[in-house]
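Naming follows writing order (A, B, C, D, E, F, G and H), and every chain is counted from residue 1.
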Amino acid sequence: MEKKINHPLQKYFRGPINYTTCPGCGNGIISQAILWAIEDLAMDFDKFAFVSGIGCSGWIPSPSYNTDVLHVTHGRSIAFATGLKLATPNIKVIVTAGDGDTSAIGGNHFIHACRRNIDLTMICVNNQIYGMTGGQVAPSTPYHSKTTTTPYGSIERPFDLSQVAISAGATMVARWTTFQARQLRKSIAKAILHNGFSFIEIISQCPVQYGKVIGKRNNAVDMLMDYKNRSINVRKAKKLSPDEVKDKIVVGEFIEDKQVPELTQEVKRLRKEAVSRCQK
Amino acid sequence: MINNSKTNKTDFLQGNIACAEGAIMAGCKFFAGYPITPASEIAHHLSKRMFEVDGTFIQTEDEIAAIANIVGASWGGVKSMTATSGPGISLMQENIGLAVATETPCVIVNVQRGAPSTGSPSVHLQGDILQSKFGSQGDYQIIALAPASPQEMFDFTIKAFNLAEQFRTPVFVLSDSLVGHMRERVNFPLQEELILSERKKLEHYQGIHQKIFLDEEVAPMPVFGKGLKANITGSTHKEDGFRNVSDPKIMDNAIKKLTNKILKHKEEIIEINEHEIDDAEVAILSYGLTSRAVLETVKIARKNGIKVGSFRPITVWPFPEEEVEKLSRRVKTIIVCENNLGQLFPFVKSAACEHCKVISLPPKVLGTLYYPEEILEKIKEVI
Amino acid sequence: MVYIDKEACKGCGICISVCPKNILAFTKDLNQKGVPYPKMIDEDKCTLCENCMIYCPDFAVVVKKDDK
Amino acid sequence: MSEIGVRLSGIGGQGVVLASIILGRAASVYDNLYAVQTQTYGSDMRGGDVCTEIIVSEKEIVYPIVNTPDILIAIAQKAFDQHITDLKEGGILITDKDLVNVGNLTKNVNHYSEEFNKKAIDDFNEKRVSNMIMLGFVVEKTKLITYEALEKAIADLLSPRIFDLNKKAIDFGMKLASTN
Amino acid sequence: MINNSKTNKTDFLQGNIACAEGAIMAGCKFFAGYPITPASEIAHHLSKRMFEVDGTFIQTEDEIAAIANIVGASWGGVKSMTATSGPGISLMQENIGLAVATETPCVIVNVQRGAPSTGSPSVHLQGDILQSKFGSQGDYQIIALAPASPQEMFDFTIKAFNLAEQFRTPVFVLSDSLVGHMRERVNFPLQEELILSERKKLEHYQGIHQKIFLDEEVAPMPVFGKGLKANITGSTHKEDGFRNVSDPKIMDNAIKKLTNKILKHKEEIIEINEHEIDDAEVAILSYGLTSRAVLETVKIARKNGIKVGSFRPITVWPFPEEEVEKLSRRVKTIIVCENNLGQLFPFVKSAACEHCKVISLPPKVLGTLYYPEEILEKIKEVI
Amino acid sequence: MEKKINHPLQKYFRGPINYTTCPGCGNGIISQAILWAIEDLAMDFDKFAFVSGIGCSGWIPSPSYNTDVLHVTHGRSIAFATGLKLATPNIKVIVTAGDGDTSAIGGNHFIHACRRNIDLTMICVNNQIYGMTGGQVAPSTPYHSKTTTTPYGSIERPFDLSQVAISAGATMVARWTTFQARQLRKSIAKAILHNGFSFIEIISQCPVQYGKVIGKRNNAVDMLMDYKNRSINVRKAKKLSPDEVKDKIVVGEFIEDKQVPELTQEVKRLRKEAVSRCQK
Amino acid sequence: MVYIDKEACKGCGICISVCPKNILAFTKDLNQKGVPYPKMIDEDKCTLCENCMIYCPDFAVVVKKDDK
Amino acid sequence: MSEIGVRLSGIGGQGVVLASIILGRAASVYDNLYAVQTQTYGSDMRGGDVCTEIIVSEKEIVYPIVNTPDILIAIAQKAFDQHITDLKEGGILITDKDLVNVGNLTKNVNHYSEEFNKKAIDDFNEKRVSNMIMLGFVVEKTKLITYEALEKAIADLLSPRIFDLNKKAIDFGMKLASTN
């Protein structure tokens, strides 16, 4: 039972699997969900590229994943991924980013990718805090939370990231917590297949930095159980009053697979048009 | 590089359009940019032309995204470019640093305008010379070329792509509002006669510790999507791409290797135009458009029997230190003419001061091309 | 069969909490990192549901269906 | 021909920049001459002053700016007022008769003035061809470029739809010049 | 500025915390910032302290917003500050230019880290010296102070506020990861004994063409909300604030006046620490933390009877050209020690080369503090 | 009738009223709406400050308005205004920005201001194009438009700016066209009084640059009449099918005066709390 | 009373199009900018609704209620 | 007392940084000495190597880094392995008996080793006070600072809730040192 045996996902790693995340960090669960989704799809890992920014979540693919990985500046992963995808439309480009990465410094690239409907799969690790830099408030930190930079409680309302994605035009949007690891895995697989910009938000435990905020430092299990208790599927939530869902985490696939022309395919269309115009 | 004798086409073009066409001839397949005066025409032109040549044009949400896009595209294996002006360069600084640190070939065109800040969008000024080299955090080397005519905007854009590919590094074309908007004849070389450089590519995956960075002879570059398992980061990394952010020795190595990759090849990179320097007592050092005023001055001065020559670095960065030093042994005085408050002057002086006098002469009114008379006056003073 | 790589484990306890059969528990032992790691306490009850595997943030658990 | 510097000045919308580009193109692409064209903008991009310069020469042009033009074309009062001092002694001044009052011209210059704007409206019923009438006039008066080159340049730059009209306007301008 | 003899409090503080407390003593009432290693502690501390002193703390969406916020707040009449590290400075460049061009007093703390790009967040490096001065587009002057201890982080932050107010300009505190995280005793002066500068304020509205910019003696600053009808733009403007973006003469005036506002007052601004320079044959020029290694070296060298002294610019910018020139007349050799690849070296050489030898000595391993022995070795070589 | 007489809004100008906008540009109509709203409220103009970015719309207040005006970098006006408002909460801060300013380069500051609910009045001049720089596509340019940088028609869907504002948390949101100058004036007055972040989007004619796109160059009147014909109030629009409103411009007040704690007031609360904690 | 500042006018025609009474029209004259400007053609019909004023982008129209 | 350089090394979570800050504070605020404390981080912020240095001196401290410590405290094997070469000949080495195997100590140093971690668990049932036991031990062995200063420094830095426990651990550590 304690015999050392290779993990079935080992093949996706550049070397021995060795995340330097804190004990109980949700990032590892998310990493598994991503890789299981790819495993489920039986797709060639060499045809995937990962782009990530700065933050703990940036280290999910970088340097671990044994395929092309581009680890860039804080907040800009989507913008690099856009150029990469446009240049190599045949590969599946997956962006992993933290909530700060996505919606603080990177907010503009985020909404524009939604609008453009470029075929990227965006995995947003929403641990509701800045993990890497030491527990500062994020744009997704619950209202009134006490963090390293909001000692009196935060006075800014958080974004509902999935809602922002929807209103900015994303064509597939889902939210899960790490507790729904299996549903997450399925949604990621769908997102990879989706032809357009997909946004997967994952409420994920940061037992160290966000643990401090909610007084559950280093207690990943409590945080997971809290997700379990508070999660409610969007289908159910729709039937309830706003008050009834107030403290809940609404999860599920908000937009499933909306069909809208995808950017790299539109580029191909333009090329054809341009060439035919020239020939005239 | 370009054989102008046999050309397949002659046109009368704006500098910005010449730049765009140069990019296409160089094989650029990806342009990302955000409009800004006086660079917008490059984007306008390429928004049409890129698709005609099977390339991609994207107008990004801002300049930060533009540079990120071209770096991303470059890792996708295509030659890529952006064009902007000073304010856009300021915004790109962080990701220019990333391009340098990840050794990503790409071309950045800066059509300089009146600054600081929003300044005067249509006024000709060479205000961003130091910004190109020092704007991002840390020590690094950059390559920058300063054209003085539409033909040079064409030629130097091609040259910029070649240098970018050869040295796996971002290269600047440092133009300005006047050159960008000036129209002059542009001769297009025959595509077959054009020598284009292509990056050294990693051919096969060579294992987890494959050497893909920090080689002073330029490491081969893995292209995404080919099973080469590229491991790229803007954090301090080793030759194999693995991050290490605590060991100063590794950082020291990273900084020095990156820097030396350029400095070791200065001779290949640096290009200087000398004119009437051989017997000159006074050399006038200038670059970009200013050099045309200097050449005019030399013409007039020579008519008056004054021994003066023009020394024009095409390559503003890396700074031609040795070449200036050599020059300083040949002349009595170097007059540095820049359409700014003397940005390269300390570098020239520091290189030359042991052997000759070095004087800075900014134009009477910044943002205007020198009158040859102004320069002549100064020459007469020092002779 | 459930395999646990005790040296990869960081002792977070997640696997224990997500096991529907409640058949994982910490050992008294510490691993080289100085943390307790989980152990199977009643193999027979295991349904091979894989929860312990897919929830382990450190890829320290492997569930193998074929070699039960 | 040694270097000839021309400055064309007016206000936005009069088409002076297009005229200068046609000149430059004709000279450098079809007449085997060298030409350089530059322009400066008014204080705002909309409807301000416009001034464009073009140098035409048999030899390569080093210095691209026209500090003292050989030829000044001014088709707005403000343009004339601003640029007349720069015109070389003995140079050529071309103005729109209705739009520019040259007042007491103290400078020794060859001054031609013509109703470019009015003629465009009267004879072509199209204000927008006034720049072409002016261009024809200038070319005839100065012989900077050949007629053939001019024709080819406008064929390059103008859409076929408006080519004929513009060519007529040029011809008209040339005739004006040869008879005036 | 600070009378350390009578202090009301002594503490053992991290450099970053000392900086934050210095800001409060200087009267800072507004802090905007975005977290980044190794500067975050300044924000952490002020997120609590600002509200205690009736001030405001805001964590912005990014660094671009942070600098914009402090400039906005400054026009609201309060002393304001941001703190970041190199990557953040890169992002701030455009708006730093705006702060310069609109003559907005504010303080920018850069706790430098390993670069280029994301580099090594916790490694000590002085890599952003040139970036502080040249990162934004165009010609401009900036003031930058380089502390070497927590006490100096405290003192220089106060000094930075004073200079910002006196000269209506952004002022940098150029610290680094080691100084920012180092703990040492910090003496707090009595608030009553502290001399704090306040900006020259426009008192009454003086008509549409009131002179509120481009005065080499620093024009009075209108504060918003007081009926002073401030007319502020980052575009090229005249003394009254009205924009003119076409006349090069106006731009020439704007650039030169802005520059001269600092350069004319260099003597007031520049501070140098000299140690054992009087009879020195060799002077070692260094700044920031590196100066502590140099002082140690001087101590050891003097014990060995070697005539060497330390010349330490507190003010890195404006560059103490005249002071270095004077130094060059007193010594035979200047050795420039910087924890980078020699960023100030060309400026030192250009100022000093006519009178003495100038040598650059980067540390063997960048990102580490010099061993005194390294420096000593070099001294022995040149003596 | 042609006698020169002072305009009733002249008093709000620093000097003679003299916009350098193109003939028929909507900016002037919007400028009037802003000033009429202030006139209607009979508030002291000295207690207003205007912050604007780079773009034609940035020149609505700068340098014309005879009060404090801060004209900043492209896209950053909200960020400067945030600092200014926090420092001087007693003045009314109005931001005027173009659509590019707001949602291209400035998109991130825009959504964050909505989230923070800081008391700013944001006037977004949505002329659906980059006016100042020569007619390039904006993130609000209608899908498939041919602009200077989309010669084959744009392949990116535009933002619905008001919807983005709503999902990001803005507490007052209205959209009008310049044709509804009177309603606009009222909404601006309400926005000024609203305690929080208000976003007023104005579809405005740029007869020169956007005129080129739709083939109505220099025809402001046609553009206004088009607005007239296509505008439909949100109350009516709600009763129609998506297809029926497809080509319409939905106007009206989407969110009227939502009560949520305002940022500068929250700052004051924190100060009290901080001081009282210190005294303990 | 409706006053039109002809030199401020840029000739866009908006005022003419928004007048509910249709009583404004371009003159044949051009102003110094070279553009036609509007003129009142039937003052009596004017309701002083102010449309012409509030829609003029160049602040060239003033409607005064008191001095009709 | 001339300058004494101390290096404390271990892994994240052992509290060595806090111990060094207490030392520095005690010395410089209460003992009228000079002190400078610095630290370097491991390759990642979580659970990596920790190393902190502190210099205590009667005179102002110029050079703030401890290249060759007079005193080395190592409470993890890796820490010991990495830093032992730097320790001055004749210096003091303090290690955790259970966590560090010093092997064949060739260096001429005064070596004290004690079970800080184990004692913390056994005697206090609180692993987290091991650093305080260590600190008490170090202070008693080296006399770097006075007991009074130490007491005041921990009162400044620790919340009253945990002050007593920590003080007891320090006292315990001092006793260990004086009896060992």
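By our rule, contacts are C-beta pairs under 8 Å (C-beta built on N, C-alpha and C of every residue); 3 or more make two chains touch, one makes a residue touch a chain.
Every value quoted in this text rests on a predicted model; they were computed, and no experiment measured them.
**Student:** I need the common contact partners of subunit A and subunit F, sorted by label.
**Tutor:** B, E
**Student:** Across all chain pairs, which one has the most C-beta contacts?
**Tutor:** That would be the chain pair B-E.
**Student:** Just grab the chain with the largest centre-to-centre distance to subunit F, centres being mean Cα coordinates.
**Tutor:** H
**Student:** Whole-Å distance, subunit D centre to subunit G centre, using C-alpha means?
**Tutor:** Once rounded, the distance between the two centres reads 37 Å.
**Student:** Distance from the CA centroid of subunit D to that of subunit E, rounded to the nearest Å?
**Tutor:** Comparing mean C-alpha positions, subunit E is 54 Å from subunit D.
**Student:** State, to the nearest whole Å, the distance from the C-alpha centre of subunit C to the C-alpha centre of subunit E.
**Tutor:** Here the centre of subunit E sits 55 Å away from the centre of subunit C.
**Student:** How many angstrom lie between the CA centroids of subunit B and subunit E, rounded to a whole number?
**Tutor:** Averaging C-alpha atoms per chain gives centres 30 Å apart.
**Student:** Send over the residues of subunit B in touch with two or more other chains.
**Tutor:** 37, 48, 51, 61-62, 64, 87, 94, 98, 117-118, 122, 233-235, 244-246 - these are the residues of subunit B that touch more than one other chain.
**Student:** Please list all residues of subunit A that touch 2 or more other chains.
**Tutor:** Correct list: 21-22, 73, 105, 107-108, 112, 134, 139, 152, 267, 270, 273-274.
**Student:** Return the residues of subunit H touching two or more other chains; collapse runs of consecutive numbers into ranges.
**Tutor:** 40-41, 44-45, 48
**Student:** If we count contacts the way the header does, which residues on subunit B are in touch with subunit E in the complex?
**Tutor:** Those residues of subunit B that touch subunit E are 64, 85-87, 89-91, 93-94, 97-98, 100-102, 112, 114-123, 125, 127-128, 130-131, 133-140, 233-236, 244-246, 248-249, 251-252, 255-256, 258-259, 340-341, 343, 345-347, 349-350, 353-354, 365-368.
**Student:** Going by the contact rule at the top, pick out the subunit B residues touching subunit A in the complex.
**Tutor:** By the definition above, subunit B touches subunit A via 29-30, 32, 48, 51-52, 54-56, 58, 60-62, 64-65, 68-78, 80, 94-95, 98, 208, 222, 224-235, 241-243.
**Student:** Per the contact definition, I'd like the list of subunit F residues that touch subunit B in the complex.
**Tutor:** 54, 73-75, 104-105, 107, 130, 133-134, 136-137, 139, 148-152
**Student:** Give the list of subunit F residues in touch with subunit A in this complex.
**Tutor:** 105-108, 111-112, 115-117, 139, 152, 155-160, 163-164, 166-169, 260-261, 263, 266-267, 269-270, 273-274
**Student:** Taking the touch rule as given, give the residues of subunit A at its contact with subunit C in the complex, in rising order.
**Tutor:** Contacts found on subunit A: 1-10, 17-19, 21-29, 31-33, 36, 178, 181-182, 185, 207, 220-221, 224-225.
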